[in-house]
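What follows is a group of structures, each given as structure tokens.
Next, two complexes with chain A in common: one pairs it with chain B, the other with chain C.
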Partner chain A sequence: MLGDIITPDLFAAALRMATPLALAAIGGTICERSGVINIALEGMMLTGAFFGTAVVLVTNSPWLGVLGAVGAGVIMASVHAFASINLRADQTVSGTAINLLALGMTGFLMEIWYGHPGTTDQIGVLRPVLTLDAPGGGFLPEVWRWVSGIFLSHTPIVYITILIAITAQWAVYHTKWGLRLRALGEHPRAVDTVGVNVLRGRWVAVLISGGLAGLAGANLTIEQVGSFTEGMTNGRGFIALAANIFGRWTPVGSYLAALLFGFADALQIKLQILRGVISVPPQFFLMLPYVLTVIVLAGVIGRAVAPAASGIPYRKG
Partner chain B sequence: MRRTQFLYEEADRSVNGKISRVLVVLLALTLILAFVPACSPKEDTTEEETTEETTEPPLKAAMVTDVGGLGDKSFNDLSYEGLKRAEEELGVEIEVLESKEITDYESNIDQLASAGFSPIFAVGFLMTDTVVKLAPEYPDTQFGGVDEFFDPTIENVVGLNFKEEEGSYLAGVVAGMATKETFDAKLNDKNIIGFVGGMDVPLIKKFEAGFIAGAKSVNPDVQVISLYTGSFTDQAKGKELGLSLIDQGADVIYAAAGACGTGTVQACQEKGALFIGVDADQYLTIEGTGDVMLTSMMKRVDNAVFQTIEAAVNGDLKTGENQVFGLKEGGVELAPFHDFDSKVPQAIKDAVEKATADIIDGKITVPTTL
Partner chain C sequence: MTEAHETTPIQKRWMGAALKVGTPLISAALAIGVGSIIVWASGYDPGAAFAALFQGALGTPKAIGDTMLKSTPLILTGLAVAYGFRAGLFNIGAEGQLFMGGLATVALGLALGDVSWFLAVPLMIVAAMAAGASWAFIPATLKARIGAHEVITTMMFTYIGRYLVGWLVNGPMKEPGGIPQTYALPANAQLPRIASLFSEGAKGAVPLLNLGRAHLGIVVALLAALAVWLILKYTTLGYENRAVGYNRWASETAGISVQWTTVKALCISGALAGLAGAVEVMGVHHRLFDQFSSGFGFTGIAVALLAKKHPLGVIPAAFLFGALAAGAGTMQFQADVPQKIISIIQALVIFFVAAEEIVLWFVRRRQKEAMSHAG
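Moving on, here comes the complex of A and B:
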């Protein structure tokens, strides 16, 4: 029975399901490190998912679609950047507005472009990078089945995400850009006095977060399912926010937190199989990832301190 | 010094004024964009002109979609089909309002009822409470609740329900027999089939119960694994459930989970399993899935909507009750096998035919709960 649950596919599913969360969470991390709260990750992800699909429907090229998704995320992010950096708007209000805008706009454009809301036509998707057939029987082939099943069965963006997490971690902690980014979120006035442009630094961070959220959307539509459905992000942007906090505003931490949420989700699917054995309603299992989110955010894991200037618009002079 | 300070503050204030104005415009734009699709009526303008030229339409029928919206390739679209057929054949005037959020239900129904539409179809069980609340406010308007069961019944409302369990029973018969067959390379010898549900609500339970009963009737030893996505729009979740089922050895999967099913089909195509669609003939509605689409359990919502409008036109629409459309009434049926038609053994086709006849004759009563 346990063998039914603990399979290579369980861990592979965790990696797959963590990917969109991780991308958005890393985006959120970079954004908040610069001092701008980004609760619009959900909307940017949805926009990316939609435009990614739209570009593939026109060009038939999944990779161009990925570019389109990233671009769409960046454009949505520029709205957030303009409102919250230049206009010094309340960042929560601006983020909420973008989430609503994304939901309305994708539905609106579907109606205009495809004549109906709901679900788009199928598109060509990105295939797994490697296609390996596991050899049968024996100990070594069994090990190989696990290793290849868990790590080698994935689509490109899953691997790209791991690279992004490591690169971002290095960039945030070991480059001049990263030092400035962290300073922007802690004490922007100090950064300003040494002659660094605060507004530009924050703009760059917000745009990067939009691009990453857009890429998360591309992962959903262009890699996983091959079509866009309105509202298909289903709250992933908000779980990503939690992952960002749980990861203590570090890229690798965000990735690992996303992996935990992904694993919880993958596990609940497998646990549902047990319903034939023990009588538990499926809602109980469906609830697990969210319960985990609440527990994590309630601080069981330890206190997390947000960047000091996060959420505070910078006023020069 | 004090003077300069004052000037700064003054400048600051005027900048703030500008900011709030820009923000107001931004927010207003957002709201407009968010609500435009929700309020945009689906009308065929040419059609409308012709009806105006001829005679006054016998009545104005309308529908409110649930959050799935038109284009769900499922019961919202099917209800619209029924409405369009009524427009063509009966010359009634039609209107559709779409709901983006559950909170749109009330305003959409209000809007149509105030504009004098009757009957108004509220599509989807999620709208049941809204209909219960609003119907008494418009006693002269007739309401049809697609997929809605009213207990107690309301004087001006008819609930249009379907015996999904009967159609699902047939799907179960097909799946239960197919998993033991070898007519397709994707079938294995593990004797396991899968069910993907949307939300765990009584309606979806009917699908599950019928499916399991049908499968067990022809294959008592078959193992049926049921998984729920907890959503009707999260395609990625639907795909993960599909992958998980296939990982467990399921080779025929039946999905009753709205748009999540689109993801499940993807899983079947990638990892190799057969798929049974739901609500519409999904061979036609999800392109390029012929290699895994064994059949579909169709809910003929269009028939139910059309028959209701027809009754309203003839003046003999019975409200204040719940109507049930089963195999006998043409409310549910199994779609053709399409690409699998030549592969599927005659034994399966015969078994489906026999089960259909037995259900219609009342020899088999399909359970609605597990």
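Moving on, here comes the complex of A and C:
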């Protein structure tokens, strides 16, 4: 029975499930490093998922859909940036407004564009980059089966996400931009004093987080599901926030934390399939990622310190 | 600004009060304005849409009853969120606590059997409040002890609570038959409709008494608003709550236990949300099923913000959103505009309240104009 659960595709599914969480979590990390809390990752992801699907439905091109999703995320992020940076609104509240706006807007547009609530038509999806034949028996082919099964069976955004995590880690810790970004979230006054535009720096960070959350939405619809369903992000934006904290506000840390949640999700789905064997109601499996999120937050927070100026609007002079 | 010297303290006070009431009004007006633009841009007639909305919300006594019906849980979830805000806490998970309140209500109501209404209803209310508070307890403790962000934890508990209720109404508590729902509560465990309290003669004489589906829960909600206001204003509990909300460090220095106050605040907030679940179940559905709340917990956030976190302000704010929700069906039916526009308007209200600077900018411009006219 354990052999039925622990298979290459369990770990492959973990990587797949981790992808949207990781993208949003890295977005959250960059945003919060600049001093702006992004509670709205959920809404930006949902908007990206919807507009990604809508663009594919019109153009029939998955890659244009990805572009549309990123664009939609950036536009939602600009609303958050304007409210929380320029208007110095309460960032948590402004983020909540965007989450509800995304839910209402996507539902509204579903009805006026597609004539019904619920789920859109199926769209053309992005296929796995490589297609590999299963090798025959023996030890080396078995190793290959695991390696290829786990790592080489994925759609493009899964790999793009790994690249983004590594690039973002490098950018945050080894570039001038990254140094300024971190300073913005710790001591914006100091950054201002040396002549860097605090508001612009924060705007860029918030827009990047929106783009990444939009890309996460694209992964959900254009790679994983192949259609849009109202509210389909299902709290992933909030789990991503937890992953960002668990990853201690670092891009690679966020990615690894997202892997943990992705694994929980993959395991949950796997166990549901085996429901005939172990009689546990499906709702308990569905709860698993949310329960894990609370446990992880409970276990880690005391030792994780958020950027000092996170959540505090900056007022010049 | 030489004018500033000429304003007397009384004038200042009046201006402060006007701003307090005025900015939410302007926020709501702006949100509805942007909503109309969206309706218009989507190819519908905003005039017809709002006429239908108004008709469905306030046009007849029955419509007014529907507005009261929708406002009832919103007053309570609005109070829940507002109470948290006053301690500097954002209870985004009122929806989950509401679910647990509904669950406790039905579980107890079905178990009590044939006891007096006067015993059953208060007991169920207490049980629902306890259930709501318990659902907030773990997030509250985590917040107080290690600072785990209550926005994430209460949200997670909302999902957990929904799945829990989903399991119960599909499994152990399911009524036989095809529909995933519990048995109906007996009459002694229901909140009666207001219209049923009056004789046909009285309703014939005063048509306004034909309040349709509005139920006694509205009284519970209004009393709760009054109670929360009194608690915040006149009790040590409320004082500590507000003090921690203003400044945790100063409160700690002054000898208030910030941790304990945090736990109490989030649990009381949860209890109020649980109460919303109770009145919704006892007054409207009389049973539990997956979708018994249409997002009242989340709309409660908009209510609390529009009310400027004031427990009595919650009442008119809840009526606004209750009216929008009650009129939405008529609007969709008569003007063909999707009901979801209401959620967009809700989100816009939150946005404009949060981004108060936009509103204040309007107000200041008005003031300047007024002054230049006067001068």
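Note that in this section the second predicted complex is superposed on the first by the 298 of 317 C-alpha atoms of A that agree within 3 Å, B and C clash if a C-alpha of one lies under 4 Å from a C-alpha of the other, contacts with A are read in each partner's own complex, and residues count from 1 in each chain.
The working rule: a residue touches a chain if its C-beta (ideal position, glycine included) is under 8 Å from a C-beta of that chain, and two chains touch if they have at least 3 such contacts.
This is a predicted model, so every value here is computed, not measured.
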{"item": "Partners on chain A (chain B, chain C) - clash or fit", "value": "clash"}
{"item": "Partner chain(s) touched by A:286 [first = chain B, second = chain C, both, neither]", "value": "both"}
{"item": "First, second, both or neither for A:87, with chain B first and chain C second", "value": "both"}
{"item": "Contacts of A:311 with chain B and chain C, given as first, second, both or neither", "value": "neither"}
{"item": "Partner chain in contact with A:17 - chain B first, chain C second, else both or neither", "value": "first"}
{"item": "Chain B versus chain C as contact partner of A:224, first or second or both or neither", "value": "first"}
{"item": "First (chain B), second (chain C), both or neither touched by A:294", "value": "second"}
{"item": "Contacts of A:156 with chain B and chain C, given as first, second, both or neither", "value": "neither"}
{"item": "Candidates 96-104, 168-176, 222-230 or 240-248 of chain B: the single one with C-alpha clashes against chain C", "value": "96-104"}
{"item": "Chain A positions touched by chain B in one structure and by chain C in the second", "value": "79, 83, 87-89, 93, 97-98, 100-101, 103-105, 107-108, 111, 117, 234, 281, 283, 286"}
{"item": "Residue ranges of chain B in contact with chain A within the complex", "value": "8, 19, 22-23, 26-27, 29-31, 33-37, 40, 67-73, 76-77, 98, 100, 197, 200, 223, 225-228, 230-231, 233-241, 243-244, 247-248, 259, 262-263, 266, 286-289"}
{"item": "Chain B-facing residues of chain A, complex", "value": "4, 7, 9, 13, 16-17, 20, 79, 83, 87-89, 93, 97-98, 100-101, 103-105, 107-108, 110-111, 114, 116-119, 121-122, 125, 220, 224-227, 229-232, 234, 265-266, 269-270, 272-273, 275-276, 281-283, 286, 317"}
{"item": "Touch list for chain C against partner chain A, complex", "value": "38, 42-43, 90, 92, 138-139, 142, 146-149, 151-153, 155-157, 159-160, 163-164, 166-167, 170-171, 298, 301-302, 305, 338, 340-344, 346-348, 350-351, 353-358"}
{"item": "Residues of chain A that touch chain C when the two form their complex", "value": "39, 79, 82-83, 87-90, 92-94, 96-101, 103-105, 107-108, 111-112, 117, 234-235, 238-239, 241-242, 245, 281, 283-284, 286-287, 290-291, 293-294, 297-298, 301-302"}
